[in-house]
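Please read the structure below before turning to the comments.
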Amino acid sequence: MSPRLRWRKFVSNFMLTLTGVCAAVSVSALFFVLGYLVYNGGTSINWDFFTKLPVPVGEVGGGMANAIVGSAKLLLLASLFGVPIGFLGGIYMAEFSNSTVAFVVRYAADLLNGVPSIVIGIFAYAVAVLPFKHFSTLAGAFALGLMMIPITLRSTEEFLHGVPRALREASMALGASKWKTIAAVVVPAAYRGIMTAILLALARVAGETAPLLFTALGNQYWSPGLRQPTASLPAMIYAYALSPYDDWHRQAWAAGLVLLALILIVNIFARAILSRGGTVLR
Amino acid sequence: MASSTTTVSNAGPSTGSRSFLSRLWDGDEIARIVTFLFAATVVLITVLLVLQLWHDSSLPRHKFGLSFFVTRVWDPIAEQFGALPFIYGTLFTAAVALLLAVPLGLGSAIFLAELAPQKISDTLQFFIDLLAAVPSVIYGLLGMFVVVPVMRVYIQPALKHSLGFLPLFQGPAFGVGFLTAGIVLAIMVIPYIISVSREVLLSVPRDQREAALALGATRWESTWKVVVPFARTGIMGSIFLALARALGETMAVTMVIGNTPTISASLFSPGYSIAAVIANELTEATGEVYFQALVELGLVLFLVTFILNGLARLMMVLTTQKGSGMGQV
Amino acid sequence: MHASVRQAVSVNINPTTVTPSREAATPATMRMNINKVNFFYGSKQTLFDVSMGIATSKVTALIGPSGCGKSTLLRTLNRMHETVRGARLDGEILLDGKNILAQDVTQLRRRVGMVFQRPNPFPKSIFDNVAYGLRINGSKLPIADAVEKSLRHAALWDEVKDHLHKSAYELSGGQQQRLCIARALAVEPEVLLLDEPCSALDPISTAKIEELLVQLKDLCTIAIVTHNMQQAARVSDSTAFLLMGQLVEFSPTPHMFTTPSDPRTEAYITGRFG
């Protein structure tokens, strides 16, 4: 073997090993994140965490019950706002629209999807907070709902398109009208994909903090109704992390662990469902 | 039968011969209109968003014009607003992030697409997808309590010691700053580079690789000199996507960058980014000009990410076209 | 039956039964030898005990119906089968008497080149496509001269000499395939393997390439897989007929196509199955 060939083979093996190292490093980041959260927050996860309110500044103890409920409220409302728009809009795109309208709507949805969450926050602040002169759960839900719309719309459209023509034609041939076909045949056929896409959208939005800083703000207590500021897990993590109190840091880690665990579980669950159905998620 | 007109016309667009009222009651037409309204709402919301950003930034735009982008001073009390420190911080941290993320991400993508057996490649990709799902505030948490101390105690002093003659590595080491923010951002954008690049590399036709190997190339030579160039448009697209993400990141950045509007060549210096200053000051902004200056920053961020995302999409389209038009007779 | 068996045996051993202008493979020197090769994709066996030779400076054709293993066999000759997971080869393949399976594969592939079924130029200029192999492996001549030499050998030089820096994708299909031949020739291989090189081309391009192959014999040994029997008859000196992974008959081309020894060969050639 010539020296030149020996060198080339060495370079080849070296570079290829290096790519393996890159992959290992990249993947290990996930485990580092999980590891630190478990290590720093695991011990703080107790019954108190889930049931008690935060205690006054400087005191030890308490929990994040209000943040957990707050996040749940926000997500529920956000879905009530964002999912119907995305879902029904997606139905229009897949079943009724012509290509020009479809292009415009798709473009708008992609645009909305690419907007940084802080800018969504500005918009929500201007539209849902300033005119009413106070922060509220509704405003927070509005901001989060906005972020759910594009994902829901594109997924609905995609999964509906994936339903075979033959299914639709069979229904219409039996005399069902178009909307009945959509409601009774097409949507149920695409149901699994759409549900999992919505779950993934929820998981993504559950971790968003920036838009909430200007809308739901935060609250050390319960937030009755919808028109008051509310605590949420991500906002609480942010506030506690920035504080100078060790006890609050500890709780921030715990909250981070709970939040990430929920998000990852939903992600794993949703992807597992989708892959069993034979679809690949982008 | 006269009544058959209502049932027969379900499948197609309604004909003009039917009365307006009968068309109105038709389930299909209602469904069409209702769903159209929802689809239109999406467009409406997007338009409103752009309009709001434009309208609510008009004061500083008229007052400062283009000098807004090159002025260093950000003084709310004197009502002088210059965006340069934030633009600088955003770009500097994004540059650091890409410098770290692109080699690491591309290397990983090459491994996943060219070397790893399918099952391992899919499993690792799954973990990478999970990494992309981690919220920004949690990266911020880890940044603040894990990365910053490590930077302050070990890495920054070591860099200063060895490379301190460069202006990049001078100044006191606080732990927070451009470098730390860049590192955290790099971890956040790597999944995007990996997912897209891996997909593009996997779609390179087999016979390109084989042709290179058949000429006596080593595996690395065939990958680096043939497969990767073939996929370069898509890889560029993934980098634009990553850049758009890095520029818009708020929470993780504001937790580790130091939040001081400084312009410095040193990586160790604390700084500020557009997203971070908006997050910290929007709700505290007293006075309309102050508020609108922050909105203008938001507008800038919006425009830049809009362009980058558009370019990235364009590259994706170009890639798929290339794949289908190859080697055709 | 008795006579044809004797004839079958005698064809392989005794060259004088064949027309003198083309000699049978056996007495000529064999550039490559395939000895008792068995090939497996996972648990499925696709080549059964194949033994034959590729004669120096001659064109050997591999023919047979789809799925008979001719491409598989061709690809073992430069160990391209190793790019597929689960592929396993038992047996011996010799290049100039040395077993290629025991050698360094990168070096082997410089000596045994390949042209693929569909033209697959790199996304580079015409010049850079031909130069690619030279730049990697090193070249005795200055690169520009070596590129010109290869393009001339591939009968493409006159058509592209003023456009060397244009993208290879601007060429027609037939030109792209000749470019791929030039690219393979640039590294001066001793053997050139062609896997159905004309199946994606129009008749005129096909004719040009067939003409080319006959001339290239002097440069290197050629092995070509083709599903087009007329092509095999036109260009090759010896032909091997494979059926379901087995080598049914291997004899000088004129003999194969006029008086095939095996009834299965005759059935294939006369079109009784595809």
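Letters A, B and C mark the chains in the order given here, with residues in each chain numbered from 1 onward.
Methods note: contacts are C-beta pairs under 8 Å (C-beta built on N, C-alpha and C of every residue); 3 or more make two chains touch, one makes a residue touch a chain.
Everything numeric in this text was worked out from a predicted model, so none of it was measured.
Colleague: Hey, which chain ends up farthest from chain B, C-alpha centres compared?
Modeller: With centres defined by C-alpha atoms, farthest from chain B sits C.
Colleague: With respect to inter-chain C-beta contacts, which pair, A-B or A-C, contains the greater number?
Modeller: Comparing A-B with A-C, the pair joined by more C-beta contacts is A-B.
Colleague: So, comparing each chain's Cα centre against the centre of all protein Cα atoms, which one is closest?
Modeller: Here the chain at the core of the arrangement is B.
Colleague: Taking the mean of the CA coordinates per chain, how far is chain B from chain C in Å?
Modeller: So the centre of chain B lies 50 Å away from the centre of chain C.
Colleague: Between chain A and chain B, tell me the centre distance in angstrom, where each centre is the average of that chain's C-alpha atoms.
Modeller: Result: the chain centres lie 16 Å from each other.
Colleague: Can you compute the centre-to-centre distance for chain A and chain C, using the mean CA position of each chain? Integer Å is fine.
Modeller: 56
Colleague: Touching at least two other chains at once: which residues of chain B meet that condition?
Modeller: If we look for residues of chain B contacting two or more partner chains, we find 218, 221.
Colleague: Can you tell me which residues of chain A touch two or more of the remaining chains?
Modeller: 8-9
Colleague: Quick check on chain C: which residues sit in contact with 2+ other chains?
Modeller: 106-107, 136
Colleague: Where on chain A is chain C touching in the complex?
Modeller: Residues in contact with chain C: 1, 4-5, 8-9.
Colleague: Going by the contact rule set out above, which residues of chain C touch chain B in the complex?
Modeller: 78, 80, 83, 85, 106-111, 113-114, 116-124, 132-133, 136-137, 169, 172-174, 176, 180, 183-184, 187, 200-202
Colleague: Which of the residues in chain B come into contact with chain A in the complex?
Modeller: 7, 10-11, 26-28, 30-32, 34-36, 38-43, 45-49, 52-53, 56, 103-108, 110-112, 114-116, 124, 126-131, 133-142, 144-146, 187, 190-191, 194, 218-221, 223-224, 244, 247-251, 255, 275, 278-279, 282-283, 294-295, 298, 301-302, 305-306, 309, 313
Colleague: Where on chain B is chain C touching in the complex?
Modeller: Touch residues, chain B against chain C: 117, 205, 207-218, 221, 225-226, 229-230, 325-329.
Colleague: Chain A touches which residues of chain C in the complex?
Modeller: Listed in rising order, the residues are 104, 106-107, 136, 138.
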